[in-house]
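Below, each structure is written out as C-alpha cells.
Below, chain A partners chain B and then partners chain C, in two separate complexes.
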Partner chain A sequence: MPQAPMPELTSSVKLKYVKLGYQYLVNHFLSFLLIPIMAIGAVELLRMGPEEILNVWNSLEFDLVQVLCTSFFVIFISTVYFMSKPRTIYLVDYSCYKPPVTCRVPFATFMEHSRLILKDKPKSVEFQMRILERSGLGEETSLPPAIHYIPPTPTMDAARSEAQLVIFTAMDDLFKKTGLKPKDVDILIVNCSLFSPTPSLSAMVINKYKLRSNIKSVNLSGMGCSAGLISVDLARDLLQVHPNSNAIIVSTEIITPNYYQGNERAMLLPNCLFRMGAAAILMSNRRSDRWRAKYKLSHLVRTHRGADDKSFYCVYEQEDKEGHVGINLSKDLMAIAGEALKANITTIGPLVLPASEQLLFLLSLIGRKIFNPKLKPYIPDFKLAFEHFCIHAGGRAVIDELQKNLQLSGEHVEASRMTLHRFGNTSSSSLWYELSYIESKGRMRRGDRVWQIAFGSGFKCNSAVWKCNRTIKTPKDGPWSDCIDRYPVFIPEVVKL
Partner chain B sequence: MGIAQENRVEVKSMLTAVSSKPSRSARVHPFTALDNAMSPHTLHVIVYYPRSPFGSFDLDSVRISLSELLSMYPPVVGRVAKTPDGILEVKCNDAGLRTLKAKVCVGIDEWLRSADGHDESDLTAWGDMPEDPSTWAPFRLQINEFQGGGVAIGLSCPHRQADATTLTVLLKSWTEAQRRRCIVHPPSFSPLPSILTDDTDAVKPNSATISKPISTKTATATFRFSSSSFKKYIEEDGIFPKASPFDVFAALFWTRVALVKRKSHDRVCMCVDFRRLLPNPLPYGFFGNALNFSSLEMTNVADQGIVHVARLINDHVTNLTVEKIRSDLNRVGEQELMYGGDLTIVNMEHMIVEGDPMMYEAVFEDGVRPVHVSYRIGNVGGEGVIMVMPSPEKGFGRVVSVTLPEEEVSKLLVDQEILRFEPKIILSGVK
Partner chain C sequence: MGRSQEQGQGQGPIHSIRLSTVGAARPTETGTTHEPTGLDLAMKLHYLKAAYIYSPETARDLTVRHMKDSMFMLFDQIAWTTGRFSRRDSGRPYIKCNDSGTRFVEGQCNLTVEEWLSQPDRSVDEFLVYHQPIGPELAISPLIYVQLTRFKCGGLGLGLSWANIIGDSFSLFYAFNFWTKAITGETIHAPPPSRGDRRFQSPNPTVKDPVSVKQVDPVGDLWVTPNNKKMATYCFNLSVADQISPHFPVNGINSIPVFEIIAGIIWKCVAKVRAEPEPVTVTIIKKDPNDLKPNNAIRNSQVISSVQVDFPVAEATVEELVRSMGEAKDERFGIEEIGGSCDGNLDFVVYGAKLTFVDLSGEDLYEARVMGKSPDSVYCNVEGVGEEGLVVVYAAAKSEERGVTVTLPEGEMEMVKLEFKKCGLIAP
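Then we have the complex of A and B:
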C-alpha cells in the first residue's frame, strides 16, 4: 500500500510549509512593511545626488530655537521612557538540594514500612502499593531521616533539623557558586507551606548566616506547591522598589511533620508522592549582574481560583475520624487543574505568543462567537513561544494532563517526568530541579525561553517566563551530576511491586 | 550469676538502613544444601569499641559508608521468599538492613566484667524467621551505646544466609569504606565450586525450617589467654613442634569439658572454615556458608594428656582434603543441629591473615581498635560449643568462649588446669 500514504505525506508537508510561511509573514509583518519603504527611500536618495539633498535640507529653514526645542523634547521623552521602564530582574544562579544516600527510599522499603505500620489495614496498604506502582517515581527519591524510623518520629525537633539540613545545605552551595557574602543579602524570602515554627524559617536563616539587621525578610507559609513562583513574584516587586539590590529565595517543603499517620485512603496519597527537596535562588536587579546572570524574568502571571468553592476545597488539610491530620485530595483535582491552567493561559497567551498565533486565536474566537458556536476552539501552539517547559512535578497525572492540553511532545515534558522519577514531588522546589535537568543536559542556549508552571492548593496556577541570558555549560556539580547520564529513562505505566 | 537483674540494655529506636544505589536487576540469591543445613541456627557478631564512631546517628558519615557498602551486598538488604516449589531463596529487592539503636546503662568496662551470656544476647537482635518472611529483615544491626562512651556493634542473621567469616568481612569492609580505603575482601556471590557440589542432590524443599527451642539452660563464659601463657605451657609441658595455639587450647578445653561432662564416649564435631583449604581457594569475601563439620573421636579423652589430644586435633585439621570436605558436605542433611549435637569446637585460625586477626582490624577511627569481638550461635544443641578465636594481641594468644549447660560452665570457671594458664575471664557474669 505505498501509494495511499504518499498523498497524505505530501499534503502534510505542504501544510507545514504553508503554516511556516504564514507564521513568518505575520510575525515579521512590520519588517515586511518597513523594508520596501526603506529600500524605496534609499533608492530615491541615491537618485537625487548630494547637491539636491543639500538643497532640500536648506529649504527647510531650521533655526536654532526650533532645533533646541526638538532635541530637548526628544531627550525628555526618552528619559521618561527609561525611568518608567520596569527594572530588569535577573536570576543570577540557583542551587538545588541533593539528599544524602541514607535518606533514599526504595519501593520495597516503603511498602515494608507501610505493612509494618498499617498492619491492621491491609486495604490501605494495597492502596498505597497501587499508587506507588503508577506514580512515576523511581527508586532514588528521598524522605527525611525521621520518616525512616519504625514508627516514624515526627517531632518538632526532627522537623527543625530537616529544615536546617535542606535549607542550609542549599544556601551554602548557593553562596559558594555565586561568591555572594551573607552580609550582602538585601531581601530574603523563604517559602515552606506546611511547617511554620516560631521563630520563622527566615529568622532561622538570618540567625545561621548572620544576615544584616536591615534585611527585608518574608516567610510565606500555607501557600502550597506554587509558593515558589509566588516568592519570585514578591521578589520581583520588592526589587522594583529597592534599587541596586539582590534577593535570595528559599523554596522547600518540610516533610517530617506532615507524614500522615492515619489510614484514610485519600489522605495517604501525599505520603506516596511527596519527597524531600529544597532550592535556593539568587535574584538581582543590579546592572553589574547582567553578564553573569543565567536568566532574565520576562513575565509572571498568577491566577487564583479560590473564589470558586469546588476549587477552594479540592486540596484541603483536615483531621480524619481518628484525629490524624492529613491533606485530602479531591477526585476532581485534574479537572480543576485544567480549568486553572486555562485561566492562566488566557492571561499569559497574549504576552508571549507570537502574532501569528494570536491572530489565529482571534479569528477562531470571532468565528465561534459570530458565525458558528460549534467550531472547535483553537488551542494556540505554545511550542512556538517557548523552547523549554517546566511543569510542576505534582504527579504523573498532572504532567499527562498538561502534555495533552498543551499538545507537548515527550521531549518537552522530559524534564518534568525525569524530575518526578529521580526526586519525587518536592513541591515548590521541583521547578528548579527541572530547570537544572535541562541545564545538565546542555540544552539551555542564550535566548531560549522557559515556561515554569506550578499548581497549588487554593486553587492556584502560577506561571513564570524566563529568558536565558547566556548559554549555560553543563554544571559539574548539582543534583543531577552523578546520574544525568542515565537519563532519560523509560518509566513504565505500572511498575510491578 | 544467679541473681536476676533487669535488662541493662534498652532498645530505643528502629529504622531501616538502605543501600546507596538501587540494585537494578531483580536478582535472586539461592541457598546451597550447606546453607539449608545451617538453618536452625542464628549467628551473632558483637564488636566492642572503646569509642563510638556514631554521633547524631541520622547524619553520621558512618551511616553513609554503611549505605555505600550495602550496595555491594544485595543479599544482605534483600528479603527471604519461598518459590512456588517451596524452596527458600533471597529476593534482592533493596528492602534494607534493619538497624536498632540501644542504650546500655553501664560502662563498657563494667559490662565486660560483669555481663553474662544472657546479657550479651541483648546486644543483638534475636528471633526466628516467621511464616511470612516478606517484611522480616534477616540481617539486623544493633548499635548499643555504653554509659561514658564505648559502643557495641551487633550484627545478626540466620546462619542459613552467612557464616562468621562473611559477617566479619562485611564489618571490616564497612570500616574500610568509612576510612576511604580500598576494600580488601570484596564480596563474591559465585556458588560453591563444582568440585564440592558434583555429588550433591538438588536442593530439597525445607521441611523443618523452624525447630523447637533448646530446653537446657545454657551459659557462656569467655577466657582470654595471652601469648605468654601459651609460651609458658610450651616451656613447661613440652609440645610437638608443629602445634598451633588452636591445637593446645582446643585440647585443653576438650579434656576439661569432657571431665566435667563425665561422658564415656568422647566425640567432638570440629568446625573448620574451608575457604582457604580448597586447591582453588575461595576468596575471604565468599558470601554464604563455607564450613566443614567433621567428627573426631578419642576414648577417655578426659584422662589423656593435652599433648596427645593436641596432636590428634592437629592431624585431623591438617588432613582435611578436598575429598574429605566433599564427603562431609554430602552428609550435612543427616544431622538436625550442626552446632551442639555433639560438643562442637569452632576453629577460627583462618581469620588471622598475615599475623593480623581480621576482626580486630575493623577500625573506624585510627587508634580505636575493638577491645573484644564475640561470636554467638543461636539454637545450639545441648552438648555445647567451644569457640577458639584470635586474640586482640597478635601472636599466640587466643580467646576461647564456651557455651555449655549452666552447671558445666560454673565448674569450668574454677577448673585448675585452665586457671594454670592465667586466663582473664570476661563476660561470664561473675561479680
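Then we have the complex of A and C:
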C-alpha cells in the first residue's frame, strides 16, 4: 500500500526540518538577539543625522586622566585574562607500534596451544573457543614471542625484551616523525598497568635514549586500560606549570608476564583478548608547535567509580585455587561500564554539547523530576558534538554497548571495531590505533572534533576531546599502511573455527 | 649398534626441549582446503626425516629468532602445509588451511659436533629429528616438525620430520634449501604458488594391482604403521671405489650404476638372511626424471616401481640383479587408484610393503648452504616403515661416497650386518 509509507516519510522529513530549525535557533540564540539590537541602533543613528552625532561627540568631555585610566584598566583586564587562560596543549604527533608478522597468532594456532596446554580441562578449552569465535578479533593479532611456546615461558627477561621491543620501536618512529632530539624531551610519562620492574620502564627509556638528567619522569602502573588518558591528563597539568615544554607519553601493556597459566574460566578471558601493542605520543605547549601539531586538547574528564564496591571489584587481579595469578572479570562488567559512562557524560555533556541539546536535556530532566518520572530520559545526540569517536576496543561487548547507549551509527564505531579486529585489545594504546585508522582513511579534517573514551579497572571512565588542528594527509607509514585498503571488513557475529 | 625406531624422539643426549609454533606470515583465506591425491593418501602412514649438521663456524652466530623468522618466509610459499587434517563426511582426509602452523622444537646437546660425528653408526642423528605421528586428534597434529639442536661448541643440528602425505623427499629437500636461502638472507625468487594439477606424468598408465603397496588393518585417526615386529635402524657410509666397484665388471668408471649396485648387494645380503620366503620382489623409489619443479614443488611425484625376479636371489650375481632392476615397472598409476579408493578410508604401507630401496643420490644435499657453508653431515630416513624393510641411499659429504640408512626388523639386523661385513660394505 503506497499510501501508508508516504505519510510516514513526509512526517519524518518534516520532523527533521523542525529539529534542524530548532537547533539553529537555540545554538545561535545570541546572534539572533543581536540582530534586532543592531537594527534598532542603525535605525537610531540614521534617524539622528550626521550633525546631531557630531554634537553628541563634542559634548563628551575627554579628560586626559580619565582616558588614561580607562585604557590602563582595559589593558589590565586583558592581561589578567590572557595570563590566567590555560595554555593550549597540542598533540604534535604520535606513533603506534606495528608488531612483526612473525608474532602473528591465527585462531587455529591459539586454539591448538590451548588444547595442548589445558589437555585435562576440555570445558575450559571449549569456553576459550566460544570466546574467540565471538570476540571480534581477526587472524592477524599478535602475541609476544614468549607466549608462542607450549607452555608459555614468561620469564622476567622475556617481559623486559617485549617492553624494549615495543616501546623502543614506537619511540624511534616518533623521534623520526617529529624530528625531536632526545635531549629536548622535558617530560616523560610511561604507563603500563601490569608490568612494573625496578628500575621502572620510564628509567629504561631514559637509559636507552640518554635523556636529560633534569627530566620530569613519571611511571604509572596498575591503572588499567584507561591509563593512557590519565597520562594525557597528567601531561596537561605538567605542561600548564612548565612553560615552553614538551612531553612524551608512552602507553603500552606488556603481555608476557600476565598470561594466565591456570584454567579458571573467568580468568581465561583476558588471554583471548589482550594482544601486543604500544603507542608513543608527543605533546607540547610551545607556540612554535601550533602550525605542525595535529590536534589541540579541548577537554579531559576523569570519572572514578571506585567508591562503589561493585565497581571496585569488577576487574580484580587475584590468585586462583592453584596459585596462578590472573584477572577476574565479573559478569556485571557491562552494566558497570554503562553506569560509569553515564557519570562521565553528565560531566562532559555541558562542556561539549551545543545549547540545543543541553536545553532539551534540561527540559526532559525537569519533566521527569516534576511531572512524570516514567518519561524516558533524553539521551543527548553526541553526534552533533563530535565528528569522530574512538571507543576503547576492550571487547566487542563494550563497543556494542556504547554504540547502543550513544545511538551511534556503524561508521562512528568503525575505527574501534576495525582496531579490535586487526590488533586485538591492546589496552591503553588502543585509542591511538583507532585514531590512526581514522587518519589513514583520510577522514580527519581541520576543525573535526574527536572523542576518546577509555574504561579501566577501578572502575574508571575517562574521556578526552581533541580538536583537529590541520587536515591530516593519509600517512604513508604507520600500523595501518599495508592493510588499510582491506578495511572495513565485515566481522561475522560468530566465526566458525 | 642399531637403534630402535621410537615415536616422539628428542630424548637421549638432547635436553632442555622447548616447543613453539611457527607459521605463515600472511593469513590464508578462510575456507581454503587442500585435497590429497590418491598417491598422497597411500603414503599417509610414512614420515620423511632429514637431519643436517652445521659446523660451529657456520652456525655459532645464528639465533633462534632469526631461524624462526626465516621459516615464516618459507611457509608463506607453502602455507597449506601449516594446516591440519580433517575428514569429510565420507571419511576422506583433507587439509583445512587454517594457518595452525608447524611445531618448532629447540634442544641442547652436551657434545660438540666433532664428538657427535665421530660416532660410527650415523643413526644417532635420529635424535636430531623430533617426531610425532599424525593423530590421534587430527585437528591438533602438525604435519611438519622442525628441530633445532645447539651443540656444546655452537654448531647446529637442523632436523625435519615431514609427513609423506604432503610431499616426497625431493619436496622436503626443496623446502629445506628454500629455508637455508632465507636464513642466509638471499633474495629468493619464489615461484608463484600454483594450485594446478599436482599429478605426476606417468608414461605407463596400465599397471593394475600394484605389488609395491600393501593394505594394512585400519589405523583410524592415529597414522602409525601397524607392525608386529620392532624395527631397528643402522646407518653407514660407503666409498664407491673401495666397496662398490669390486662387485661390478668395470666398463668405464663413469657408467657404473652406483645405486643399483648398492641395492643389488644389499638385496643379496637380506636374501641370505631372510631365507623363507626369499624377497624376490622389491620396490625401487626414485626421482621422476620428467618432474617439472619448481612449480607445484611440494607433492608426491617420486617414481614407485616394482622389480620381480624368478631366480633365487641369494645365489644370483649382482650383475643379474642390476639388470632386472632396469626392467622395473612404474606402479604409480595403480597406487593412485588404490589410494583414492573407498574415499581414502583404507590404510596402506608403501615403504616396507616389500623390501624397498630409495634412491636419493641424485640430490646434492650439501648444496643446502647456510652463510655460504655446506653442512658437515646429512642424514635421511623414513619413519613408519613396514616389516619388509627399507634402504635409503643418498649423497655423502664426499662425492665419491654414499650414505646408506637401513631399517629392518630388529631380529634380522645383526645377521644382515654380518653379511655386510662379508661383502666388505662395512668394516669388520
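Keep in mind that, in the parts below, the second predicted complex is superposed on the first by the 484 of 497 C-alpha atoms of A that agree within 3 Å, B and C clash if a C-alpha of one lies under 4 Å from a C-alpha of the other, contacts with A are read in each partner's own complex, and residues count from 1 in each chain.
Going forward, a residue touches a chain if its C-beta (ideal position, glycine included) is under 8 Å from a C-beta of that chain, and two chains touch if they have at least 3 such contacts.
The structure presented is a predicted model; accordingly, all values stated were derived computationally and were not measured.
Visitor: Looking at the combined model built on chain A, do chain B and chain C fit side by side or clash?
Guide: Result for chain B and chain C: clash.
Visitor: With the two complexes superposed on chain A, say which partner A:116 touches: chain B (first), chain C (second), both, or neither.
Guide: In the superposition, A:116 contacts both chain B and chain C.
Visitor: For A:148, is the partner it touches chain B (first), chain C (second), both, or none of the two (neither)?
Guide: Both partners, chain B and chain C.
Visitor: Regarding the shared-chain residue A:165, is it in contact with chain B (first), chain C (second), both, or neither?
Guide: first
Visitor: Now for A:108: first (chain B), second (chain C), both, or neither, which partner does it touch?
Guide: Both partners, chain B and chain C.
Visitor: Touch check for A:400: first (chain B), second (chain C), both, or neither?
Guide: A:400 sits against neither chain B nor chain C.
Visitor: Chain A residues touched by both chain B and chain C?
Guide: In the superposed arrangement, which is not itself an observed complex, chain A uses residues 100-102, 104, 106-109, 112-113, 115-116, 138-140, 145, 148-150, 153 for both chain B and chain C.
Visitor: Residue numbers of chain A touching chain B in their complex, please.
Guide: 100-102, 104-109, 112-113, 115-116, 138-140, 145-146, 148-150, 153, 161, 165
Visitor: Which of the residues in chain C end up touching chain A in this complex?
Guide: 18-23, 25-27, 30, 65, 68-69, 72, 84, 98-101, 137, 139-140
Visitor: In their shared complex, at which residues does chain B touch chain A?
Guide: So the residues of chain B in touch with chain A come to 13-22, 58-59, 63-64, 66-68, 79, 93-96, 134-135.
Visitor: Within the complex, which stretch of chain A touches chain C?
Guide: On the chain A side, the touching residues are 100-102, 104, 106-109, 112-113, 115-116, 138-140, 145, 148-150, 153, 495.
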